[in-house]
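Naming follows writing order (A, B, C and D), and every chain is counted from residue 1.
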Amino acid sequence: MEENVTYTVEQVKSKISEAFPAAVKFESKAKPRRLFMTADKGSLFNLCKFMKDQLGFDHCSLVSGVDRCDRMQVVYHISSFSNNITAEIVVDIPRDNPEIDAITPLWEGANWHERETYDMFGIIFKGHPKLERLLLPADYTFFPMRKDCDTGRH
Amino acid sequence: MDLSTYPHAIAMSAKEFVDWSTNVMDDIVKATGVKRALDKVSDPLMNWGVRNSMYPLHFGIACCALEMAACSGPRYDNERLGLVFRSSPRQCDVLLVNGWVTKKLRPSLRRLYEEMPEPKWVIAMGECAISGGPWYDSYNVVQGVDTFIPVDVYIPGCPPRPEALIDGFLRLHQKIKKSKIGTFMDD
Amino acid sequence: MAEMWINMGPQHPMTHGLWNMRIKVDGETITDAEPVIGYLHRGWEKMTEDRRYPQIIPMSDRLCYGSSFTWSHVYCMAVEDLMGIEVPEKAKYIRAMSDELQRIGNHLMWLAAIGPDLGNLTIFLYALREREMFLDLFQSLCGARMTYNYCRIGGVRNDAPPNWDRDLVRTLDYFEKRMNEYEELVDRNKVFRMRMEDLAPLSGKDAVNLGITGPTLRGSGVKYDIRQNDPYEIYDELDWHMCTADEGDTYARYRVRMDEMRMSVQIVRDILKKMPKTGPIRVKPPRNAPVGTGMARMEDPRGESLMYVIGDGTDKPYRLSVRSPLFVILSASPVLLRGNKIADLPSILGMIDVCMGETDR
Amino acid sequence: MYLDIWQLLTGLVHWLMVNIIGAILGWIGFHGVEHWLGTPGVLNFVTIIVVGLVVFIVGMLVSITLIWQERKELGRLMDRRGTQVGPIGLFQNFADALKVLVKEHIVPEAADSMVYNVAPVIIIGVSLMMMVTIPYSPGFYMSNSQLSVLLTLALFGVVPFAVLLGGWASNNKYTLIGGMRAAAQIIAYEVPLLLSVVGVVILAGSLNFFDIVAWQQSHVWLVLPMIIGAIVFTISMIAELERVPFDLPEAEAELVEGWGTEYGGMRFGLIMMSEYARGFIGSSMITLLFLGGWDMPAFLNFIPDGIWFLAKVFIVFGIIIWIRGALPRVRTDQILNLGWRRLLPLAVVNIAIAIAFKTLGWF
C-alpha cells in the first residue's frame, strides 16, 4: 500500500470490481463509510490480501459465523484506519462441508475470532495456526450456535 | 473409673494409649462439669473471634466482583468488620461466590472450596450464583452454586449493593453465633 | 532453574475477572504464555436468539459490568441500524454524555485495579472513592449503580432528573482536582515510573496487525479513535481531540487513559453546553425487525466494540454477533508478555484493563 | 528514670521462693528442698525464666500493637477508617488470634511434611529469639551481650533460609518462586545492612546496644553524623523485613500470597505475628543505633526511659507504614540493582565518613 493515499467508498468499490470482476458482488445498500459485498468462497483469501495490501484495510474487526439452516455464512467486518471505511464481506459456504481459508495469516487479530467461530459453529478455517476449542471445554462434542443444536439438552 | 470399658488397658500400643487417655480425660472433664464450665468461657470467646475476623477469599467472578471491590472501598470499608480479602484459600474462612458458575469453572470452584480449612462458609452473592439468574436457559451455566457446594447465606440482587453484601456478612454473624464453634470437645 | 509452566488462574489476584494465564517461566523470565479463557462463557449470543429485541438490553448491560452503558448503547445502535430508526437529537446528547461518564467510571475502576497489581493499595482506594461519585450520578439518572438498563432502542428511557446538571458540574469540578492527586501519587512517584516505563513496548505496526484497539492502540502512537474516525451520535459536533502517546510502553498506555479521563470531562462539559433543553428523548421502535442486517461500532473504554445483528422479520434477532475489544487484545497478550519478568505480568495485563464478561460472552 | 527489671524480679523471686514456698515446704517438713530452693543457682535459673517471660510478653504486646497501628494508619492514609472491632479497633488482633485457634490444620498431600512443619517453627522461633537482645531501657532487657548487635543481625539472616525451606517444601510453584526471591533478596541486602552498621560501630566503639546508646547520650544522636548510614540501614531493613516496596517474597499481585500460600490456620497466624515481631525488632534497631535509644531531652526526664524508647519505635514503624502506603513494589531485577549498585557504595562511603570523623577526632 502506498503511504498517505486515502480512498473513498466509490474508489474502493471500483478497484475491487476491477480486480475481482466475477467473484465479488456489491449490495445495493449504501451508508456513509460502509461497504457491503458478498464474495466467493474460493476468492476470499485473495480478496482480503488485495484489500490489505492495495487498499489499506489494516484491521480485522470481526469474523462471525451465521447458520442459515440451508447453508453457512461467514461474515467479515474489515475496516481501514486510513480510509475510515468498514467493509462487510459475506461468504456462503456449504453446510455439510463448512471449510474456508483462514485470514489469520493476514491479520493476526482474526486469530481468536476464527477459533471462536470454529468453537461455536464447527466451521473449519484452513491454514489457521491453532484451531482448537477456545471458550468451551475441550471435551464438548456439539457446536452450540448451530440452529439445530438444542441447548436445553446439554 | 471402670477399666472394663478399656480392655487393653494393661498392654496397649502408644496410639491406643493416646486414645485411651483422651477418652479418660474426656470422661473426667464431662463428669465433673469442668467441660461445661470451660465451654461457658470458650464458646462465646471463640465465637466472637471467629465472627470478627472473617477472611473472605479474594475471588472475583463477574459483575458482583465489582461491588465486592466497592465494598472494600472508602465509602463502605469492610475492614471495619474485620473482613480482609486474602488471596490464598488456605487462609480464608468465607468463599464468596459472586457471579455465574460455568461448567468449565465448576471443578475449580469445588476445589477451592475443598482447599479451605474448616470451619468455612459459603456466601452466594447475586442472582447468578443463587439460581443462574438471567442465564436461566444457557447451556453452559450451572443453575445455582448450591447444586455442588453448601451455601450458608444468599444475597439477592443483580448485582447486590455493597450495603447488601455487608448485611449478608452480618447475617452470617448471626448464623455463627448460633453454632457451637468454640466448644472445647465434641459432645 | 528448569523451565516450567505456571497456571495463573482461575483464582488469582492478577486476573481481574476469571481466566487462566498459562505462562512458561525460566527463573523469573516469561518465555511463553497462553491465555485460557471461557470460564465465564454463558452462551450470550445463543441466548439472544431466544429473546425479543428489548429484552436483550439488560443482558447487554451484563456483557461488561465495568462499562455496561456502552454495551447496551452499541446494541441499541446496531438494532436502530437494522430497523432504520433515527434517534432524537436530545437522546443522542444524553447517550454521548452517559458514554463519557461511563468511560470515566470504567477508567477509574482500571486505575483502582492497577494499584494492587503494582503492589500499592492506596491508589485502589482513592480511585474507588471517586468512582462512587460517578455511580451516584448514574444512580440518580437511572436508578442503578452498575447495570443501568437505561438505553432504549430509539432513545433513552428517561430524561435527567431536575438539578442533575448541577450535581454533574460539581462532581466534575471535584473530580478534576482529584485527578491531580492521582498524578502526584503515580506520575511523580519514581517507583511507579520505574515499574511502568519501557515495559512491554509495542510498535504501532504490530499493534494494528494484532487487532489491538482503544487506549492500548493509541498508546502505541496510532491515531485512531472511532469517535473521530467513524463518528456516531453527535461526536463530530463536539469540541474534543484524540489522546495519544508515542512511546508504546506501559506508561504510555497509562498516560492515554489518564488523558482520556480529562478529555471525557471536557466532552461532558461541552455536551452540557450544547444539549437542547427540551425535545423528545425516545421514538417508539417497531416490534418486528425487517429482514436484513444492522451493524454498529463504537469506542468502548477498552477499544472497538462492534455488534452485528441479523433480523429475519420476527421480534427476535436471527443472529447477534459481538466483537469484544478485549477478546482480541487478550489474544495478543503472549506477544506483550514474552521476555518480561513474572513481576511485570500483572501490570502489563492490568494496563489493558481486563474484563472477562465481554471476552467470554 | 527507669525500672530495673532484673533487680525487681530477683527480689521478687527470692521472696517467693524462700519466704513463701520455702516457708510452706519447711512447715511441711521438706527441709532439704527448702534449702535447695534457696541456693543462688536455682534462684538465678528461675529469675532468668521469669525475666524472659516478662520480656517476651512485653515484646509480643508491642508487636500486636504494631499490627493495630499498621491497620489503622494504613486505613487513614487510604481515606478510610480501618478496623473497628473493639474500642478503636484494638481487639481486632485478638479476634484474629482466637479465630486461627479453631481453624483446621491442613498439610498439603504433596508437601514434604517434615520440612513444611519445621519451617514456620524456625521463623517464629528466630523472630522471638531476637527479642532477647533488644533493651527497652537501661534496666529493662533480657541479655546484655557484648556482641548483641551482631547477634541480632545474624538472627535476621536465618529467616530467609527458613522461608526458602518452607517455600520449597510446600510443593507449590508460587511458594518456590517466593522462597527463591527471599534468598536472592537477602544476599543483596544483608551486605549493605552490615556495612552501614560498621560506621556506627567505628564511632561508638562497641557492638553492644547499651554502649552505643550511652555514646549517643554523651555525644550526639548518630543519625546526624551517619545520615547516609541511617538511610541505607533503613532501606536495607525494610528489605530485610520483606515489606513494601521490597515485599517480593510475598508479592500478592503475581504470587498469590507468596511463599506462605500453602500455610493456613495457626501457622499462618503465627507467621503473620512473627513478621510484626521482626518489624518491631527492626524499628528498635533503627531507634537504638541511630535515634539515641531511650535518650531524651533533659527537661523531659520525668517520662520513663522505656516509654521514650517505645515512642520512637512507633514513630519509626509509622514511617515504614507510610512508605508502604505511598510506594508500589519494586521488581526483582530492580531490587537487586538498587542493593548492589546504590546501597553498597553508599554504605562504603558511610564507613569512610566514620573513619574520617574518628581520625579527625571530632567525636
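Note that in this section a contact is a pair of C-beta atoms (placed from the backbone, for glycine too) under 8 Å apart; a residue touches a chain by one contact, two chains touch by 3 or more.
Remember, predicted model here, so these are calculated numbers, not experimental data.
When chain centres are defined as mean Cα coordinates, A lies farthest from subunit D.
Taking the mean of all protein C-alpha atoms as the reference point, the chain centroid lying nearest to it belongs to C.
For the pair subunit B and subunit C, the distance between C-alpha centroids works out to 36 Å.
Averaging C-alpha coordinates per chain places the centre of subunit A 65 Å away from that of subunit D. If you average the CA atoms of subunit A and of subunit C, the two centres end up 25 Å from each other.
Centre-to-centre separation of subunit B and subunit D, using mean CA positions: 34 Å. The residues of subunit D that reach two or more other chains are 78-80, 252, 256, listed in rising order.
Shown for subunit A are the residues that touch two or more other chains, namely 136-137, 144, 151.
Under the contact definition stated at the top, the residues of subunit C that touch 2 or more other chains are 12-13, 38, 41, 43, 46, 125, 129. Every pair of chains in contact is given here: A-B, A-C, B-C, B-D, C-D. Subunit C meets subunit A in the complex at residues 37-38, 41, 43, 45-46, 208-213, 222, 224, 229-230, 292-293, 295, 297, 304, 306, 308, 310, 318-319, 321, 323, 327-328, 330-332, 360-361. Subunit C contributes residues 1, 4, 6, 8, 12-14, 25, 28, 115-122, 124-126, 129, 185, 189, 191-192, 194-195, 341-347 to its touches with subunit D in the complex.
Subunit B contributes residues 45-46, 48-54, 73-74, 77, 79-82, 86-88, 90-91, 93, 115, 117-119, 181-182 to its touches with subunit D in the complex.
Residues of subunit A that touch subunit B in their complex: 136-137, 144, 151-152, 154. Those residues of subunit B that touch subunit C in the complex are listed here as 57-63, 65-67, 69-70, 72-75, 87, 89, 99-100, 102, 104-105, 108, 112, 134-135, 137-141, 158-159, 161.
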